[in-house]
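Two complexes, one shared chain (chain A), two partners (chain B, chain C).
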Partner chain A sequence: MNGLRRYQWLMGILLVAFLLTGCETGHEFVKKTEFKDDDKIVVTFAGPVEEAWATDLSNFSAYEKPDPDIKLQIKDATLSSDQTTLILTFEAPLNQGEPHILSMTDIMSEGQNLGPATVTAKKLYFGILMTIFLGAALVQNFVFTKYLGLCVFFGTSQRRGTAIGMGVVFTIVMVFAAMMAWALYQFVLKPYQLTFLNIVVFIGLVSLSVQGVDTILRKVNPALFKAFGVYLVLVIANCIAIAVPLMLADNEYNGWESLMLAAGAGLGFLLALFLMACVRERLELGNVPPTFRGLPIAFVTAGLFALAFLGFSGLSIY
Partner chain B sequence: MDPVLIKIALGGVATLACIGLFFGIGLAMAAQKFHVEPDPKVEEVLHTLAGAQ
Partner chain C sequence: MSTTTKSNTQLFVDGILKENPIFKLALSMCPAVGISTSVMNGILLGTAVLFVQVFSSCTISIVRNYIHPKIRIPTYTLTIATWVTVIDLVLAAYVPVAYNAMGMFVRLIVAFAIITMRLEMFACKEPLVKSFVDGVGMGLGFMVGMVALGVVRELLGSGELLGYDVLGFQPLLFFILPSAGFFVVGLMMAFFNWIEVVHNRKKEG
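Coming up: the complex of A and B.
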């Protein structure tokens, strides 16, 4: 029984991983399109293609997905000896954070014309998701680099216990609200051309999700409610909770990306609160000049943290 | 005024009203389903205490 359950879990994880990483191409003859090095795109075909077609640069054109007008200059096209792998080298290094669209005119294979193809080269989807997550949590931490949510940040970072409670509650509500905001934006606001009402709708959504979590938690888990109930109301007054829905609407994120952005924002806020609370607990024991006691020294500390978080700005793992 | 704009404005009012109604009813139902009887003792104790804070 136990073994079977573990097996099911494994299959589930594999299925999700498959869905996340599954690559799609626009043409049945093109098996794979991927980035290589800084300035190369590698196209793998299902069968051999003709060398004369493959090495003619005028057969190919490529652009970054957001800028279809700016064609990228292709320097060189090399076909492998088995004629199934084509390596396109570009003049300039590619910005691999964006998907690239590669169009090919009629593919010639063993004398047959297989028609034109438009394929997309992009990084593994998982990598994009992780980039969004880490970006929201560390590189563009909402508190330390965007200076959002400061009122709640300074209000609840005096004790470590309070800080963790606030961070956890905020993360839960944030994910909840962001998913609703994404669905509402994509399926209601955009189709009805009401995107100018973004802010009004999102403010309502945040308060709604706070009220919903409050009502449900009170009944389902009274112990947790007793511990975290106080912070729930504070989430409404937090500007990160409104910034995240606006950002995901601006960037046209899909569901998974919105989830990652919200989780990253929540965990980043939790991290910021926890770090700050650790320092402020120690500051109370320190010999702080009277003028600086309390909030002023907290602001100075936050500034130092912000400087330290600048160190993450070059971070790129994927 | 441009009839398209009027259409969007009226549509916006209708859509937001629908969203509000939908979530309002949802919250009301959740409040009913997850209703918790408040303990009368809490109120009494709070009343007896000085309650400056």
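Coming up: the complex of A and C.
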């Protein structure tokens, strides 16, 4: 415990640095640039700027960082009454997952020309990570909105105990496998242009991490192994286990993002299994028509859950 | 050293009807729910699965006497992964639009329980010809299941078949919505159960 406490201040500094990285701008007069709503960028200046300069749209141009050729159309520029905050409204909603570069010609402030500025508006990195996590767990839930892992989902959602066991084991294996897949993809497959081997390598990795977790768990915590060991084999049969490595390779996620995607996928699967198991335990007491008994009613229930999960589609916290 | 007593025709027909992967064995449900919105998707993914199933079955059948029993599952997985990579690259090169519509499901064939199950239960014991026939039967069974779902969803959802306007109106838009996949599969399973119940009742009565 003492050892951990000694490093707490270091962790604190790292965390703060991590959170602050989103705030750098690139010009000393521009204090802050941030996204607002779906289609606005708010620029905060250190002092008042001239209204004539600020409302002239030709002074501004913006593009998404990966596509410098595609200029985004600005619809409107509004200056606040104290002349320090400028709200730029764009024609189309902005893709806030990508950083946006905003160029301004000579900034005019109280008669002085402060020179041109190029600033970056991006979400806090923490926000991007949380978006990936929540996206994988709720908004794009792998079971209910991506329709993956259904064989294992219907097979192990009959009892709550089974559901929790399967979900927990899957989350652990998923995090292991995703981190290995990320490292292997970024440092071996991509540099040597072997990406066409993705499928072969990732399916091997998943089997390997299942075997690894099996061996470690057996030695480290035999009681836990007795309870959860049976579910390990099922992880390989789960398409989510291979979908997550493929997704992080397709999207070129870095280590943190891969971790968040894997954890979100695992917890989302656990949540889906648990909810489904609760309903199916009740269903056994109900009077289900004979033709619907077993799988058909389970599918209809899953359909209702899928409709309910559509409600998460607008969710964005950061 | 064949252990099955079934004739080739019997194997072929069983794969499509009695052991239909989607409706009878309830395996590989993910694409059945996820991308059965059109007949075309069903045909394309069915072709991909047929290809992978047949070639993996044949490969395993040829080398079945040389596989050490302890490493048979990894061998199956790697064989399947190799053939999936082949069909994945081919589809991405020749039908890019349809390939994109199917998303990740082509690459996820590698995790389909149906293929591994057939290798484990059939191809590792039977000679080449029988494994080939079984592979074709199972692959076609999957394709038939996908196309059946596609016909129901496309016809009832948008009034079209294979993109051609058949009905001239949209009966129930609900069927084409993504989350309706669960309902359609559930209702069709119940429908087949019901046919079986009625059939058995007639036999008894």
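The criterion applied here is as follows: the second predicted complex is superposed on the first by the 218 of 318 C-alpha atoms of A that agree within 3 Å, B and C clash if a C-alpha of one lies under 4 Å from a C-alpha of the other, contacts with A are read in each partner's own complex, and residues count from 1 in each chain.
Throughout what follows, a residue touches a chain if its C-beta (ideal position, glycine included) is under 8 Å from a C-beta of that chain, and two chains touch if they have at least 3 such contacts.
What you see is a predicted model; the values in this text were computed from it and never measured.
In the superposition on chain A, A:278 makes contact with neither chain B nor chain C. Contacts of A:291 after superposition on the shared chain: chain C is touched, whereas chain B is not. Looking at the shared chain after the overlay, A:242 reaches chain C, while chain B stays out of its contact range.
When the shared chain is aligned, chain B comes close enough to touch A:188, but chain C does not. In the superposition on chain A, A:92 contacts neither chain B nor chain C. Within the superposed three-chain model, A:148 lies in touch with chain C and out of touch with chain B [touch as defined at top]. Looking at the shared chain after the overlay, A:197 reaches both chain B and chain C. More residues of chain A lie in contact with C than with the other chain of the pair chain B and chain C.
In the overlay built on the shared chain, the residue A:299 is in contact with chain C alone; chain B does not reach it.
Residues 197, 200, 204 of chain A touch chain B in one complex and chain C in the other. Looking at the complex, you find that chain A touches chain B at residues 184, 188, 192-194, 197, 200-201, 204, 208, 211-212, 215-216, 218-220, 222.
Note for the complex: chain C touches chain A at residues 26-31, 33-34, 74, 77-78, 81-82, 84-85, 88-89, 104, 107-108, 110-113, 116, 178-183, 185-187, 189-191, 193-194, 197.
Against chain A, in their complex, chain B makes its touches with residues 8, 11-12, 15-16, 19-20, 23, 26-27, 30-31, 34-36.
Per the touch definition, chain A reaches chain C in the complex via residues 144-151, 154, 196-200, 203-204, 207, 236-239, 241-243, 246-247, 289-292, 295-300, 302-303, 306-307, 309-310.
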